[in-house]
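Right, I'll just put the structure down here and ask away after.
So that you can tell them apart, the chains are marked A, B, C and D in the order they are listed, and the count of residues begins at 1 in each.
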Amino acid sequence: MKRQLAYFLVIFIGFLTLSGHFINYSPLNNFIDNDATQWFDIISGFAAFLGVVNLLQLHLNKISQKKDNWRYSIITLLGFLIMIFFGFIYNGSSVALGPHLKKEGSAFYWMFQNIYLPLGATMFALLAFFVASASYRAFKIRNFEATLLLISGVFLMIGRVPIGQLIPWWMSLEIYICLLFALIANRFKDKKKMLTLLTLSLLIFPILIFSLNLHDLALFKIPNLQEWIMDVPATAGSRAIMIGIALGTIAQSYRIITGREKSILGD
Amino acid sequence: MTQYIKYVLIPFLTLLFYFFFPFPLFLEGNETTFVCVIILCFIVEYFIEKAKNGDKIYMRPIAAIKAMEEAVGRATEMGKPVLYVPGISSLDQIDTISGLTILGHVAGMTAEYDAGLQVPVCVPIVMETAKETCKEAYLKKGRSDLYRNDMVHYVTDDQFAYAAGVNGIMLREKPAAVFFQGKFYAESLILAETGNSIGAIQIAGTGSSSQIPFFVTACDYTLIGEEFYAASAYLSGSPEMLGSIKGQDYVKVGCIIMIVFVFISSALNGYGIINFDVSSLFRINIIR
Amino acid sequence: MELLNKIFIKLGQLDRRFIFILIGLSVLIPLLRPDWINIPIKTTSNSRIVFEELNSLKSGDKVLLSFEYGASTKPEIHPMSVAVLQHLFSKGIKVYTVPLWPEGLMMAKFAIEEVVSSNLFKVKEHIDYVSLPYKAGGEIIIRGIATDLRSIFTQDINNTLLSEIPMMNGVNNISDFDFVFDLSAGVPGNAEWVQFACDEYNIPLSSGCTSIMVTDAIPYVESGQIRGILAGMPGAAEYEQIVFEYLNKNRNNKYLNEKVSILPGKATSRMSAQSIAHLLMVVFIIFGNISYYLTRRDK
Amino acid sequence: MVEIIGVWCAVLLTLSIFSYLYGDNPFYKAAEHIFVGVSAGYIFTITFWDTIWPNLFGRLFPTIVQAGFDFDASYIFPLILGVFMLFRLSKKYDWLSRISIAYIVGMMAGLKFYVFLNSNLLTQIKSSAINLSGSYLSIINEFIVLVGVISGLVYFFFSKEHTGAVGKVSRIGVYFLMIKFGASFGFAVMGRISLLIGRFEELIEYSSFKYYYSTPAILVLMIIVLTYWSIKNTNINENN
């Protein structure tokens, strides 16, 4: 009975919200445009209290049972309590509680500025190192797909920064030739033959292109190639993913509002 | 016969009602959207009904979904916990809801295998929902004695503080299987790289297209975009849910046909062969 | 040859801490010694489209500038905000700033302060620009601005009533603006502006965003829902460059103070660090592949 | 003075986080735990003052809480639903919280259904129309995009075996997806390096005399402590 009530509500609210986009009844339109999501924010605001209770329980447990690293839990609790103290009890600035959160000079703002911000920004900046080691591992010419990943990633990396403009046409040509050989390397049985072929093409093609006066082609400027990759194949890929995600979301929403997706509220 | 009435006549009558109702009951300007909603719903319903009547449905195997049970099994063998990360968004993203439905199935597996499960959560309301989901999953498998209230716990709301916290859990408790299922942003790389460095089996799934590449490169299996939303239906295996996936595929065919149609008719219009602006068909914005 | 092989294979098994140090140095050294490397910047078409779109606005037009970034993404987006503000002020365009992220409020304040305190432009608060306060709600706020701005905002950040601000006269919803420019680093961001406001009300929208967001936003750019895009730090540097040239060309424009000199922006100087780091990464990738090839052959 | 303390705090925490690159260590652990605690407190405070206080109490008690809203009786409902949420703490009535969750899940599903159908599906289909006024090259490009989108969608077919023609087309789709992922990866590299530049600029600024050389001082101190710690650790490990 209790379970049925919840499912009934999911179905009712789901269809109400959906139909609110079509039915000409201004209180309903207004509800879905503004209030529906506001209500959601308010309910999650109440849930935030539960989060706090859970956090306190977790760390107090750790401390009382002296689990591994329990000393650090004290730091977490202290940090939390200080923020709450500065947020609700001690102000320190000229304005009232509430607006004081964003007022320079309040204790809360000081904590925000000097503890919270640098920590967040540094965690974010840490990604620069991770992305380096990830790309070192990921960009390997393993198969055709991985090579495409590498080509578009690397061209983007050098094409987007000023240094990419300094690359002369013959260098980009040599890069293309090397990549082409990397792609077809598996087809060659005889490695020696491949190497000679590679050296020959590295020597001949630049001369050929230059004598045919084709070296001004946009193809040989990495920034232009990068822009093409971004505008054409990458756009196609993004669009396919976007449409796929839209379809997935719609189908999932449909399963939810018809009460078929049961694992979320229990079956 | 009843089938025709249900899936041809009723939608047709609904549209008739919508377009020819004499009073301004409906908003103007988004007619195309309405037609699409009706067609979409009835296509999906049709296939669900067909599946319920016992029609066999072929489902292409998805490696990541198959690997889920293996991963839980391996964690059990090694005596190490399973870590499930449901993303950093709140319930306002369908990704989070999808992530939680998958959690329901994964929790069912850990209940069956008696493996440890840990779900650190970023948003309190998601925590409460995840608790409910896990509890129900354990109950359903008849193992509610194994369910502990601290399986699902709150870390913090902030994106990077959460990443730091989960990072810490991975480094110090060394789970053998890690699931990333939900909405992820920049923190995905930190999480996936750390998981990779501790040698856990990692299975990711997300609809955040800019984060998929990091999961693809650092995780063993990844559910890409649409696959992620379909995963819960796959895992449940009920004909109802599989039927809806089949219906979704037919909607996709419809989309492809529409794309080609728009492309060709705009080309013909551009060459002056026909005089018809295809974009006028798309009435999708409410006129106020 | 054998020795070379061995070296490359060793390189492939490098401790990742070594990579970390090299990446750190490649960023640090160009920052400490900017004069060592100096590379000219070329503009891409998407940045030029942004410039032309904004440049086609007339004096007195109203532009809504939306701030959705914080301290952590400041290095990428902030130079764009400053350059865009400079460009708009130099044309006598009225600017309305609105933050949709809590930290966006501070960022908007810093950007305006930076531009105003340079004394290059003859601008006054409440006549040439107004800053709206932060309200929680993300896309709800975007919807609200689209339908009825005054139901959400009653005062500006200095608690002046909107009804007392001359440049707020006749500004009630999104249709009263001539252009929306969005500076974003996540959600809510340019996708939400497209979905919840600009598409529906047909208001031109441009955006500057972090580089990670670009591939997600590019379908919108290609379909014209977003007009041009400034992509990350390079986009910022390009826009700075274009605006710098534009300001120098229009030196005796009536909106500029003649005595104040024009300084180049910050992003330009950061581009050399960016270039070197990218180059290093590419070198890593090449070495990684050679060693991968060699180890695979050995097996 | 307060400013200087602030700068020293910021530098210490920044370097502590960076020390993770060396490996898990006490500095990083401490910074991580501070971050978790402070951010939880920060978000809770912000949620209360920015959401509950103005948006709920501001509408229910407009005379006491002046947030620029008029009295709105319908906001009794979110209050009730919010209180239901709190019943999670009671064993007997915790089923009430399901009602609140059901509201959220149902509402979001209904809302996203419409938004995604409109902005991501129909608009993207609409924009596959081509513009013939461009050059031949741009028309070829449009055609490539069309092929990419369609083959990408074919990759996502679930109820069809990926063999034969479908298999070939879906392969092409995978290639387009890979190029997209590569581009995302490249952009990510760019963005992350930019953020690192931002952090380093700040650290460089704080190394000046004005801040009593905070960066180099803390850096040296930290290196000494970390060296001592890692030597001690290896000793312990060897003894074990």
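Everything below uses one rule, namely that a contact is a pair of C-beta atoms (placed from the backbone, for glycine too) under 8 Å apart; a residue touches a chain by one contact, two chains touch by 3 or more.
What you are looking at is a predicted structure, and each value in this text was computed from that prediction instead of being measured.
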Neighbouring chains shared between subunit C and subunit D, ordered by label: A, B
Far-end chain from subunit B, centres as C-alpha averages: C
A-D or B-D, whichever has more C-beta pairs in contact: A-D
Distance between the centres, which are taken as Cα means, of subunit D and subunit A, whole angstrom: 7
Whole-Å separation of chain centres (CA-atom averages), subunit B against subunit D: 19
Euclidean distance of C-alpha centroids - subunit B vs subunit C, Å: 32
CA centroid of subunit A to CA centroid of subunit C, Å: 18
Residues of subunit C whose C-beta touches two or more other chains: 20, 23-24, 27, 72-73, 102, 136-137, 147, 199, 211-212, 214-216, 219, 222, 231-232, 234, 274, 277-278, 281
Shared-contact residues (touching 2 or more other chains) in subunit A: 18, 21, 37-38, 40-41, 43-44, 47-52, 55, 69, 116-117, 119-121, 123-133, 135, 137-138, 149-150, 154, 157, 160-161, 230-231, 234-235, 238-239, 241-245, 247, 249-250, 252-254, 256, 264-265
For subunit B, residues contacting two or more additional chains: 30, 33, 37, 40, 91-92, 94, 97, 125, 128-129, 132, 154-158, 160-161, 164, 172, 186, 189, 209-210, 212-214, 217, 224-227, 230, 245, 248, 252, 255, 285-286
Topology of the chain contact graph, where touching chains are joined (line, ring, star, complete, other): complete
Contact set on subunit D toward subunit C in their complex: 21-22, 46, 50-51, 55, 68, 115, 118-119, 123-124, 126-127, 145, 180, 183-184, 187-191, 193-198, 200-201, 204
Residue numbers on subunit A that touch subunit C, as the complex places them: 33-34, 37-38, 41, 102, 117, 120-121, 124-125, 128-129, 132-133, 135-137, 139-141, 150, 154, 157-158, 160-163, 165-166, 182, 223, 227, 230-231, 234-235, 238-239, 242
Subunit D to subunit A touching residues, read off their complex: 2, 5-7, 9-11, 13-14, 17-18, 20-21, 29-53, 55-56, 74-75, 77-79, 81-83, 85-86, 88-89, 95, 98-114, 116-117, 120-121, 124-125, 141, 144-153, 155-156, 173-183, 185-190, 192-193, 195-196, 198-199, 202
For the subunit B and subunit C complex, residues of the former touching the latter: 160, 185-186, 209-210, 285-286, 288
Touching residues (chain side subunit C, partner subunit B) in the complex: 72, 147, 186-187, 199-200, 212-213, 215-216
